[in-house]
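Read from first to last, the chains carry the letters A, B, C and D; within each, the first residue is number 1.
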Amino acid sequence: MISVNKNAANNNTVKIAIQTADFNLADEVDLLENNNDDDGAVATFSGRVRNNNLGKSVSGLFLEHYPGMTEKSLEKIIEQAQAQWNIGRVTVIHRIGQLLVGDQIVFVGVTSKHRQDAFAACEFIMDYLKVKAPFWKKELSEGVESWLDARQSDEEKAQQWQS
Amino acid sequence: MISVNKNAANNNTVKIAIQTADFNLADEVDLLENNNDDDGAVATFSGRVRNNNLGKSVSGLFLEHYPGMTEKSLEKIIEQAQAQWNIGRVTVIHRIGQLLVGDQIVFVGVTSKHRQDAFAACEFIMDYLKVKAPFWKKELSEGVESWLDARQSDEEKAQQWQS
Amino acid sequence: MIKVLFFAALREQLNSEEISLPLDKMVTVEHVIESLVTKNPDWKTAFSHTLLCAINQEMVTKNHTVKSGDEVAFFPPVTGG
Amino acid sequence: MIKVLFFAALREQLNSEEISLPLDKMVTVEHVIESLVTKNPDWKTAFSHTLLCAINQEMVTKNHTVKSGDEVAFFPPVTGG
């Protein structure tokens, strides 16, 4: 599911993709940079499935989401970032379904004229995605599947942006 | 000029490259992620030559540096980041010589178990590079070459990390 | 009528992903939970955990109003990213 | 003897990128600048601008000691990244 809103006036292209397929980081950065000589700064974050979590060895994850609401919540998070920082293009990709250790889960990329805006918006989007976007992880660890609990630290980190 | 220090015990590989050649962002991210299932988070920054600066149109840049000191200063900046945050691999690439609008100038990539450490260390390294690493930009704008002045805002941003 | 959706651990605990619920007047989210638990007493434990609620795909608090035609979703705190 | 290097705008203003300077005793960076300007009076303007100094490729302040064999570099505030 891909939603692209192009605002030709100020080069603010937004790409949101929720997909089972893997993504290619270089292609995503190309898309952010292509014909975008206004913005010199690109900050990215990519998250992958780690081989361990809270001391347990992990062999895979299953990612469930709330179709429809996921896209809406990401659009809203990106709008909040656009309201706070002077940013250009934004891409958010989140994978769903069955993932293995080392697989990419999430990509956030933000362009800007200035590095500080690119960094801040990229981190803000990740922090808000963690607490506002309806994704749930089920972890496969030592043969047992269990839903992950939300972390208090994620909630606190997101709240820091409000101060 | 490439310096790679590998610390096998904790997976802390550092790559520093000062080069005239372009670099490929995907290759650099692959290098950070390859055989690195411990670290789920990768934050990157890439900077390119913008088509304008302080209201003037820009057609290119020439980048001079202080060979030897450049590598030492980057090593020191990375060591400071490693001392402050729990990070894995770090790559810093900075191009020198003649660059055109849209060309990549700098890449910083940091891996970590946790996204907050990856973001903070990546931004810290960029901020310190801006004020501590001996690079100088000469800008070609409307047929005139001129050395860029350092920005007070960069100095202030780097100082924020000390508080 | 309202459509009620359940996700993730809650969906598995209730063994239900979507139900329809008659609604004759405006109520709050809290009332929706009460009527779900009244109809299905074994759902009580699942609804005693910390849950989030969205109405028409927007996050809301438990005193938010629910009206006929709404899509009401209950789910555990999110863990994506 | 010390080796003195100049970079970027300073190098162009002085039209010099490297010189050797005799050094018979321990002095400070400030003294090195004084003796450079005494030998080359037309360098005075260039050295009146804000400049950074590195000794043996480490950034230092102007009261830092310089000893024989050191590599002393002067340059404008840096503008990379």
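One rule holds for everything that comes next: a contact is a pair of C-beta atoms (placed from the backbone, for glycine too) under 8 Å apart; a residue touches a chain by one contact, two chains touch by 3 or more.
Just so it is clear, the structure is predicted and the values come from calculations on it, not from any experiment.
Trainee: Tell me the fewest steps from chain B to chain C, where a step is a jump to a chain it touches.
Mentor: 2
Trainee: Chain B to chain D: how many Å between their CA centres?
Mentor: 26
Trainee: Measuring from the mean C-alpha position of chain A to the mean C-alpha position of chain D, what distance in angstrom results?
Mentor: Roughly 48 Å, centre to centre.
Trainee: Roughly how far is chain A from chain B, going centre to centre by Cα mean, in whole Å?
Mentor: Result: the chain centres lie 23 Å from each other.
Trainee: Would you please write down the residue numbers of chain C that are in contact with two or more other chains?
Mentor: In chain C, the residues touching two or more other chains are 81.
Trainee: Chain B: which residues touch two or more other chains?
Mentor: 47, 115, 126
Trainee: Which two-chain combinations qualify as touching?
Mentor: A-B, A-C, B-D
Trainee: Where on chain A does chain C make contact in their complex?
Mentor: Touching chain C: residues 47, 63-66, 68-69, 72-73, 94, 105-106, 126, 129-138, 147-151, 154-155 of chain A.
Trainee: Show me the residue ranges of chain C that touch chain A in the complex, using the header's touch definition.
Mentor: Chain C residues touching chain A: 5, 7-9, 12, 54, 57-59, 73, 75-81.
Trainee: Note which residues of chain B are touching chain A in the complex, please.
Mentor: Contacts found on chain B: 24-26, 29, 33, 37-52, 101-102, 113, 115-116, 118-119, 122-123, 126, 157.
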